[in-house]
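Labels run A, B, C and D following the written order; every chain starts at residue 1.
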Amino acid sequence: MGSFKGHALPGSFFLVAGIWWTGKHSLWHATRRNKNIGSSRLASRTSQRRLEIIESAAILFFSLVGMLAEQFAADGPKLRLYDSAENHWKDLMNWQHSTMYLFFGLAGAVSLIIHCTEAAPLALDRLMVAVAFFNEGFLFLYHLHGRSMLDVHVHQLLLYAVFGIALIAFLEVFHRGNILLELLRCTLTLLQGSWFWQIGFVLYPPHSPEWDLKDHNNMMFITMCYSWHLAVAMLIVSVLYSTVSCVVRSRLKRTPPMEMGLLKPRERDPESEDEIL
Amino acid sequence: MGSFKGHALPGSFFLVAGIWWTGKHSLWHATRRNKNIGSSRLASRTSQRRLEIIESAAILFFSLVGMLAEQFAADGPKLRLYDSAENHWKDLMNWQHSTMYLFFGLAGAVSLIIHCTEAAPLALDRLMVAVAFFNEGFLFLYHLHGRSMLDVHVHQLLLYAVFGIALIAFLEVFHRGNILLELLRCTLTLLQGSWFWQIGFVLYPPHSPEWDLKDHNNMMFITMCYSWHLAVAMLIVSVLYSTVSCVVRSRLKRTPPMEMGLLKPRERDPESEDEIL
Amino acid sequence: MGSFKGHALPGSFFLVAGIWWTGKHSLWHATRRNKNIGSSRLASRTSQRRLEIIESAAILFFSLVGMLAEQFAADGPKLRLYDSAENHWKDLMNWQHSTMYLFFGLAGAVSLIIHCTEAAPLALDRLMVAVAFFNEGFLFLYHLHGRSMLDVHVHQLLLYAVFGIALIAFLEVFHRGNILLELLRCTLTLLQGSWFWQIGFVLYPPHSPEWDLKDHNNMMFITMCYSWHLAVAMLIVSVLYSTVSCVVRSRLKRTPPMEMGLLKPRERDPESEDEIL
Amino acid sequence: MGSFKGHALPGSFFLVAGIWWTGKHSLWHATRRNKNIGSSRLASRTSQRRLEIIESAAILFFSLVGMLAEQFAADGPKLRLYDSAENHWKDLMNWQHSTMYLFFGLAGAVSLIIHCTEAAPLALDRLMVAVAFFNEGFLFLYHLHGRSMLDVHVHQLLLYAVFGIALIAFLEVFHRGNILLELLRCTLTLLQGSWFWQIGFVLYPPHSPEWDLKDHNNMMFITMCYSWHLAVAMLIVSVLYSTVSCVVRSRLKRTPPMEMGLLKPRERDPESEDEIL
């Protein structure tokens, strides 16, 4: 998977996930905030659950596809782990990527079960997301032995986003429905997605000349570049959040803007889901 | 204790502990959730306490046995710390293992006192568990000087589970009865147990050829292997949890499944013990 | 920007910010504590918001000025990133500083929007402050390659303050209005400001002889010096806090000191804003 | 201060502090638990405050004495920082120790002000304790350059206790009056005290032969030794806590032991001070 496509593919996946989550959480937050003005609560609860089920199924599906692709692609290990003829492990990279997909698949499956049945506490879905991202970061951490300086550096920067998401998702187990944590998670997911693309462009430049992987100036530039990706991710999330908020507000209320000034005390309260569920 | 048995024994111990804890916490959580339907609360409280006392006594007993075995086995130090004839410490490994058992024994003893008398706050038992596992990880951390690469690596991976348990148990001091934290602790305990077995198989293979302890591919395989152990541990915990939940539900209620859909709001609340005690 | 002025300028900025924040939070805390005695609550709310808007606008303004100065000063990159003639990145330092200013500018802009409109949760302003300082520390962290020992050391010490502020601001997302966290953030901001001056004096001494950047005794002295800066910052914050408290009390109440003894139970409660808003 | 006495002195200080704190917190916790049975609450509040004032004054006094002793002892720097004749810093060690005392003195002074007047939030005293211990650990961290292996190791082990106390005290800012956190802080303070003695015995053995500071077995023994110190500290704290609890109970109640079984629900509640103040 050491190729441009091999980084662009997961990058696109995380970009889509980040945008989807931003939309979802913005929509729900806006509905919660305006629920006393007209959004019928019961409908929202049912449709929320349906949305969660669809999302979980999609995650589960793509994880399975990913695992199968890693195993049965042209150069895949085809479920064989050890090559006893040549006495070495077969295609460890593919196996590692399969393992990462496995944990995302588990998170999807558990989330599906939680939202279909009443079997487990709701917060378990966030815990599984935290475990899946932690596992991804854990495998990357021991993935980098013997590579050149810049290669190691761009993957280490990736780990900030990965472990950041794991931490935020773990905090959400205790502060479920806190819109700030949710949007922060979305931001970091977008950052991870766009950074995968950046890694692809740096290590396997499709058209341009190759990068000098040992130049310290390149390393300093890449570090700064990471900050820019973060800034752009924050921008995208805030634009999406604002758009969704405005649309929901204009749809639900049709009330003159004068009245909005009175909403302050109410707006602060439902920051966490717990209080209103 | 550097032998296959020396790793299989603690591994089995932690596996049993993990399964026992999973069953216990699942049972109590299921009882709490369904308490309004029929499980008489008072009985449950008394039997809970009896169970805790038995568990604490067992932990205390096995820790004492472990300490004595380490000291008075054939090659043990027999309570002598310094060999003044040859001017070196006697059997430091055995002493270190004794010290680990000592802290688990302390945790068991304190838990016994807490649940027999009313002398100390209930949360102290979790704090002692946290201290015991922290101490185990702390001793392992300075245990690895001068070993070969893979040997160090498999023990470092062990530390993730050990310090993870210590952290989760410390969080439980503040969030007692949170079923997710409890199950996470169970998962990590199972992981630790099965990983001890894995270490035994890697470092002291009983039948197969020896591993090359300096091969980097082996290290990458082992890292991935750790993720698989985690996945299996999660699977075992969830199967156990589901089984116990189903059995409790079918025993206690004998109500048609139609009614379950109504339980949602109630199910969310008693996630933490504090609210219902 | 490697010059005395280049460190004195941000130092002064953070010193002013620290003093301003100390005054602001002390004032509001004092007003909250004494609100039942005479400070009309509504007025306070409106003026608080006005103050926040002015502060945010100032931060935004100075960040923009900083970015422009870094780009278009005599030796700035003038928005060109890559010098294709000589095949290297142009003025990476200036670009890094611009990036730091960018995140502070974003924090100011978001804070402006939050306090002008009702679009986003209030706690977002603290989250943006946390991100801005985290980004500053993150860029400094990879800023130090190949410098001499003492140079690296004084910048590492700076990171304690920077990441400390980021952490405290993140905690404030959950504990908004906790006066202790606010004052701790002020203290660390002052520390950062005065430490920038100290760095300037150590690395680019204006009048005195140069420091030996490889002497270990200098390093030990500098470490201790950092503690003194912290002590002085704590002193300044406590003097400011006491002064503001006394002034507010004497203005608002005009009650004999005898009555103060009765305030105890009331004083403890409003430590966090949430309880009174 | 590199001598046996130089380690025994702070060791004794921390041992006394640990025992004093254990007694104080045990007494108050026992009083809180039994307050409905007879301990007149008002009296307790006044005497608590008096005790705090005495403690703070003692800390302030001993810190001042310590600072003066470091400065004006036979080989002290006598407030001169730089020896311009020989062009080096004068007695950096003494200055560092003075700085440590300074922060403990600040914590004492602030605590004195808090409990005498009503000027600042109560939790500030714990925050100052956290800062004082953090500062101690921070100075030790950069204190160890160029020493031999075992010397570095015993001081690093000390840091576990020091930063542990700082962390626990910081948590107490948010969970004031939680008896478990208080006793944990006492335990770590005792551990720090006895470990200072141990360091003295290892590095400057008064009667026995010198230790080989480069032997790896010594390092492993010392690590284990640290665990034993922790176990003994836990033992001392629990014995003290039990004794104080029993004495308070027998003094206050004079009720037959039969009734104690009923106290369970009440005992759990007042674990945190906030709920009853």
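Everything that follows uses one rule, which is that a contact is a pair of C-beta atoms (placed from the backbone, for glycine too) under 8 Å apart; a residue touches a chain by one contact, two chains touch by 3 or more.
If you're wondering where the values come from, they're calculated on a predicted model, not measured in any experiment.
In terms of the stated touch criterion, the partners common to subunit B and subunit C are A, D, listed by label. With rounding to the nearest 5, the Cα superposition of subunit C on subunit D corresponds to a rotation angle of 90 degrees. Seen from the Cα centre of subunit D, the chain whose own Cα centre is farthest off is A. Here the spacing of subunit A and subunit C, counted between their Cα centres, is 31 Å. Taken as a contact graph, the chains are arranged in a single closed ring, with each chain touching exactly two others.
All chain pairs that count as touching, in label order, are A-B, A-C, B-D, C-D.
Interface residues of subunit D, counted against subunit C in their complex, comprise 88-89, 92, 95-96, 99, 102-103, 106, 110, 118-124, 127, 131, 135, 138-139, 142-143, 145-146, 173-174, 277.
By the touch criterion stated above, subunit B contacts subunit A in their complex at residues 160, 175, 179-180, 184, 216-221, 223-224, 226-228, 230-231, 234, 238, 241-242, 245, 260-261, 263-265, 267-268, 271.
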